[in-house]
Amino acid sequence: MLLEALPYIRRFHGQTMVIKLGGEVMEKKKTLDSLLQDVVLLHYVGMKPVLVHGGGPEITREMKKAGKEPEFVAGLRVTDRETIEILHKYLVGKLNTEIVLGINKHGGKAVGISGMDGKMILARKIREVTTPDGEKVQVDLGFVGEIERIDPHMVNFLLSNGYIPVLSPLGVDEEGRSLNLNADTVAAELAVVMGARKLIVLTNVKGILRDPKDEGSLISQLTVEESKSLLASGVVTGGMIPKLKACIRAVEGGVERAHVLQGTMPHALLLELLTDRGAGTMIEKGK
Amino acid sequence: MLLEALPYIRRFHGQTMVIKLGGEVMEKKKTLDSLLQDVVLLHYVGMKPVLVHGGGPEITREMKKAGKEPEFVAGLRVTDRETIEILHKYLVGKLNTEIVLGINKHGGKAVGISGMDGKMILARKIREVTTPDGEKVQVDLGFVGEIERIDPHMVNFLLSNGYIPVLSPLGVDEEGRSLNLNADTVAAELAVVMGARKLIVLTNVKGILRDPKDEGSLISQLTVEESKSLLASGVVTGGMIPKLKACIRAVEGGVERAHVLQGTMPHALLLELLTDRGAGTMIEKGK
Amino acid sequence: MLLEALPYIRRFHGQTMVIKLGGEVMEKKKTLDSLLQDVVLLHYVGMKPVLVHGGGPEITREMKKAGKEPEFVAGLRVTDRETIEILHKYLVGKLNTEIVLGINKHGGKAVGISGMDGKMILARKIREVTTPDGEKVQVDLGFVGEIERIDPHMVNFLLSNGYIPVLSPLGVDEEGRSLNLNADTVAAELAVVMGARKLIVLTNVKGILRDPKDEGSLISQLTVEESKSLLASGVVTGGMIPKLKACIRAVEGGVERAHVLQGTMPHALLLELLTDRGAGTMIEKGK
Amino acid sequence: MLLEALPYIRRFHGQTMVIKLGGEVMEKKKTLDSLLQDVVLLHYVGMKPVLVHGGGPEITREMKKAGKEPEFVAGLRVTDRETIEILHKYLVGKLNTEIVLGINKHGGKAVGISGMDGKMILARKIREVTTPDGEKVQVDLGFVGEIERIDPHMVNFLLSNGYIPVLSPLGVDEEGRSLNLNADTVAAELAVVMGARKLIVLTNVKGILRDPKDEGSLISQLTVEESKSLLASGVVTGGMIPKLKACIRAVEGGVERAHVLQGTMPHALLLELLTDRGAGTMIEKGK
Amino acid sequence: MLLEALPYIRRFHGQTMVIKLGGEVMEKKKTLDSLLQDVVLLHYVGMKPVLVHGGGPEITREMKKAGKEPEFVAGLRVTDRETIEILHKYLVGKLNTEIVLGINKHGGKAVGISGMDGKMILARKIREVTTPDGEKVQVDLGFVGEIERIDPHMVNFLLSNGYIPVLSPLGVDEEGRSLNLNADTVAAELAVVMGARKLIVLTNVKGILRDPKDEGSLISQLTVEESKSLLASGVVTGGMIPKLKACIRAVEGGVERAHVLQGTMPHALLLELLTDRGAGTMIEKGK
Amino acid sequence: MLLEALPYIRRFHGQTMVIKLGGEVMEKKKTLDSLLQDVVLLHYVGMKPVLVHGGGPEITREMKKAGKEPEFVAGLRVTDRETIEILHKYLVGKLNTEIVLGINKHGGKAVGISGMDGKMILARKIREVTTPDGEKVQVDLGFVGEIERIDPHMVNFLLSNGYIPVLSPLGVDEEGRSLNLNADTVAAELAVVMGARKLIVLTNVKGILRDPKDEGSLISQLTVEESKSLLASGVVTGGMIPKLKACIRAVEGGVERAHVLQGTMPHALLLELLTDRGAGTMIEKGK
């Protein structure tokens, strides 16, 4: 019943919620459609959702179609000139557009942007990565960037005019070239810059698991400190590493809570935001 | 010398200029780069350029790559589901991004949008076309639309905040589906809705020619009435028909002057806007 | 489920809803409390509720306590100096405050005002009434007024700053004296002046009945014309007459729909506004 | 002559003046009427008066009528549920309305509010008082509160839109219950929060007297330090204690000057504010 | 007493008052000083005075000093290049500055402007005048202009920011040359464009006299129609003709009332605006 | 060509440029006219020029005409009552007006003001000067002032509304009397208060020369420190001393760069601001 949701609607009224849509939750049309309907509902009950999307599976498919073998260094996709063009076409052109159309369909007014628009995300080429052993290594990943500065002006305008912003994770360097950015990082930094109330990372697993093979081992709550220990312990692996790091970054940057949720579960977003029953893993500052 | 340009800079100060970039002027990187530098200059000397781009040649190439034979009815590209996805990828993803990056490179701040963003261009499927003989024929062109209404709010925001808007010619219908729109028509309607001072259609020919085979037969000035006679006479052919129609529509809708210019000629835009030497064909109301 | 409500939340987003609370629905603390919780919910899902309250039963009780026999002429309470002081104390002082406190309790921010504040409702003494036979008769009802003009400035400020306005039905004349106004009329005129989407009259019966003794004879929908016939036919009687007249006035003044609902029924307001199942009687323009 | 007033009008132009009307100056209709006319004049010559009213004598009368014996602890009225309802009716309903009507009558536009409106004054129950010997004693005074925070937003809106705010001294706690507040304290805290130029406490004695029985012993000027000594010395007694404390609080909170004036003396307010002849006692910071 | 002024202060609150200072009232320093003090008072009690000044006697003296014999055609001063430079120096440089300094001295914040600033008053050379017999005659008066259009933007900014604008009667033509304008006409047109409540023409006679030699024959009230008859009858002569014409123009343009007052009489302005005792001649529309 | 200017237009877009016009560059009508055309161009390509003018030669001529021998103490003109009236007439009346008309003529919209307007420049009489030996000497220079505070409000309004402000170097003291100010100092302080990007001092020599008799000894660049040494060394003499001091003051106050340019050289302003070829002497902070 609606009245159960009232305390949550009240609490989150007018609050910015940065929601990261992992590429894996965008694979099935129906899942995505249901999720976007939920986003529209959040918008209409007074929250200010901002979407950041990924697109890994799609990009990997297209690279292979083009005869290119995806290569990753320290979790970052090596991005040559051809690959960045694939990002333009599939992130900005295809996936962002699909999200915009989905939101429009349910009665929201979405606006698709990327960090290139208005030079909103200024980035610089990554020239060094840290290995798991903490060693710094010089690398050339091609057109892969790290964020220098996000200008929130346009996103603020869009939110305050009733639009739902949908952001593709591409930035631009001082010379005006486009750079591939990690979507989790973009979502976290945007949440910090916007003074968001929450960062919500939607993926296809239940949350952070103590034992990756056992869904029953879901950790429902973590402090920043516990999260860091978990990362150091090696329990968290693969794509979950940047997700958890993004959550830590957001909370350390002033976001009240960060969540990792299973976006493919029906209405996970609504359950987490509008009912007493939480879902997934929640990260907060701790004492 | 700059002082020669002063009267023009003064006259067009704060005026909106809708500039249509034909797909054919975007084919060569260098041509496009020079053109976008000129656009940035116009912005900095106080005008408000709004760009609408086409992309015909690119789309045709991609359709063929995908094994589809482009088909046109009454000058409109038949657009099935696969083709509209190509439009998303190549218009919104590739070409719009290239323009945005080019403007950024020269120190402007461009923002790429399409008529789908914020449901800015509401359109409906075309179900009827008029044959050259004036006969109305029922057609099914797939996802091809005609404009119902343009909401200028976002473009106005962008202009008044110092951004240069770059618009891809796609709209959205009441149900939220994307529709393929003619870029010349989008530019003309946008010029009308924005109260633009000029509509400038950039293409790869010198302007409107009395004899399509003779570049020396350029008509430098036309009234709306003369333009209509010219259309009726059959002298104007092919892609120039929608361009001239767009110019007529703009001028009839209150735009002071519309121009057809050769965008591939170096600095044609600056010559036309900032010097005594005009270029191409200019259409105005006439007495 | 919330998603069922989405289309309604979307439709009424940002819309002003003038809600008249009859004195009879304020008699039981629990009923009022539940109703005000619903109002707070409407506020948080994006509507702009404005409350106008009555207080007949309370006033009558207090008059009797003070040894005064309530007297009505043409449905209007004869109001001498002592009675207007009772109105100040019980409408402005007691009932309005109770509503404000109830809304505050559920997390809204209510502001109690009356038409005297800032001379918001300018009124003049009633000197003439129309009898049921249509005859005009000179009367002296004491401090009873009819509305000349409502200045919506303060209510607009309150709404646009996130407050819920609660209005007591008192006005002020040119000399600055307070006048007793009919609450249904105040609600209707306010709805017109505010460009409200709906006027909702909450009372203790199910709606307008074809047979006042048979609750099963509820009329769920009426056009303005039908409403007028109904009034002329004499089927509508007692306190329902001014309510139906108020609905007619609102709809004729541009309000899309007016409703008579049973405010004592749990969540009647939510059922009417947020679900497919309507309640009570709805009056609209008709073709 | 008006020109004598010019330097004062100039000095106080646009300045907020918080004026406390003691219940005792509201007892005679004519006195109140003349005082409100002066307030309207101050408004029209460019000051921004904000009124806070008391109502002690009226409340005491009504309690007795209801068969309740008023009881005071440390100068605070013990307030049970019945008494708080009397406050709603007589402060918010009767007295505030009388002031609003009086100001309206002289051409001002007053708006009556209380600290409950929009949760403007957040308060908490008093559970401890300090005895004259400085001892802290646990008490239960019922619904009596102390101020936690005043939100000046609504008063600022009213002032900047040309209204004269009239405030009843009631607050609201976190749970939304109304609490009885000391009007002198409310006036002082409001003056601080508004950055008022002056706090003016209107009462029925000439000011602060060195000998309470001798009106000739009026102290016309006091520093904060002198005021505190005076309080400690026991010379100041009864209702003058909270008045002087309020003045001290205001001046320590940044208000330039606080005044205790005899509101029942004709035009005391104008004499103090617009001529060289001061009246009553003025408290300022001192070196 | 101030309270006598209250109804007038209330009525004229926030109202624009265009006040024309004739050159003749600026001759004696003390008279001017007292008058400007009154203007400052009007400002501080809430009116919005706008001053337009003349300077005839000063200009005539300076022309004679420069060896030039002043010549008038149809009441207009023939203005050659040397004379217009005298106007710049003595109107804009000397007299306007004196007024600005006088207002500043009394605590106002005056800003001196002329119709040349920001091309505020666009004018064109007068090439034709109408003789008393109604005949149109071609003339060359040199740099003498008639008003085409007044842009009130700057005066509005000044008023709404608490400044008192002081305007010298010079305009500018399309080519940017300065033109001598009649100050009475400028005041009247400005009053119309600003939607002023009053136009007040200050001169050195008591008002409009039925017999110019008899001060006792003052006409205290005139309708526009009566004013026109009076002009036609030839009773009004000399410098009073353009003054009365200006009053007629203002009232016909929507100004409620126009006044001709003796500015050299102490506090004539205050007497007229703030007391029951009017002064001089008042022109209003009439039924 | 315009494109050469693009990087400069971009860099200085929206930047305030305070330009001091020495009296010596205003002597020839044609020079002044060309200079003002350049100022209008700077305005139209997006800069915000603010003009401060001097008038030494004109004032000296007029003083002599009036039989007064100009006297200077420490570079400051002794200013008696008669002289200050000459300043009103010739600075405010004649020269400021000429600049305003010149800008208007070329299509700009200039507004002439002085530091007396709105008490914009508050000053106090100079009572002490420092001799070249660093000794402080009591003096009475008459109405000569030093700046206490500049209120940039009006200049900001003018700039943000598209006007070009033209300021005469006169201030006003607390009592409202006008004071003669050094125009170089006014320009420097204004540049600091406005957060200007540049201060540009236009005079009739090429810049700062190492050998005043050798134009070939022009110093094209100086740090603040070098400038101070130069002043101490006695190489800089006469009117160049206050100019260089003004440049130092501006740069120390946060202005990025100050320039001394030969305003009588055709288009020196444009060459300096819009091309790679600088002109004159540029002073900046240095490391």
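Read from first to last, the chains carry the letters A, B, C, D, E and F; within each, the first residue is number 1.
Here is the rule we use: contacts are C-beta pairs under 8 Å (C-beta built on N, C-alpha and C of every residue); 3 or more make two chains touch, one makes a residue touch a chain.
What you are looking at is a predicted structure, and each value in this text was computed from that prediction instead of being measured.
**Q** Chains touching chain A and chain D alike, please list them.
**A** C
**Q** Check C-D against D-E and say which one is joined by more contacting C-beta pairs.
**A** Looking at C-D and D-E side by side, C-D shows more C-beta contacts.
**Q** Whole-Å distance, chain D centre to chain E centre, using C-alpha means?
**A** 48
**Q** On a C-alpha centroid basis, what's the spacing between chain B and chain E, in Å?
**A** The separation of the two C-alpha centroids amounts to 55 Å.
**Q** Between chain C and chain F, what is the separation of their C-alpha centroids in Å?
**A** It comes to 68 Å between the two C-alpha centres.
**Q** Mind pulling the residue numbers of chain F that touch at least two other chains?
**A** Residues 106 of chain F touch two or more partner chains.
**Q** Connecting every touching chain pair, does the picture come out as line, ring, star, complete or other?
**A** Per interface graph, the chains form a ring.
**Q** Under the touch definition up top, go round the ring from chain B by way of chain F and list the chains.
**A** B, F, E, D, C, A
**Q** Given the complex with chain B, which residues does chain A contribute to the contact?
**A** It comes out as residues 85, 88-94, 96-97, 100-102, 104-106, 109-114, 116-119, 153-154, 157, 161, 163, 172, 175-178.
**Q** Chain F touches which residues of chain B in the complex?
**A** My answer: residues 2-3, 5-7, 9-10, 13, 37-38, 40-41, 44-46, 106-107, 267, 270, 274.
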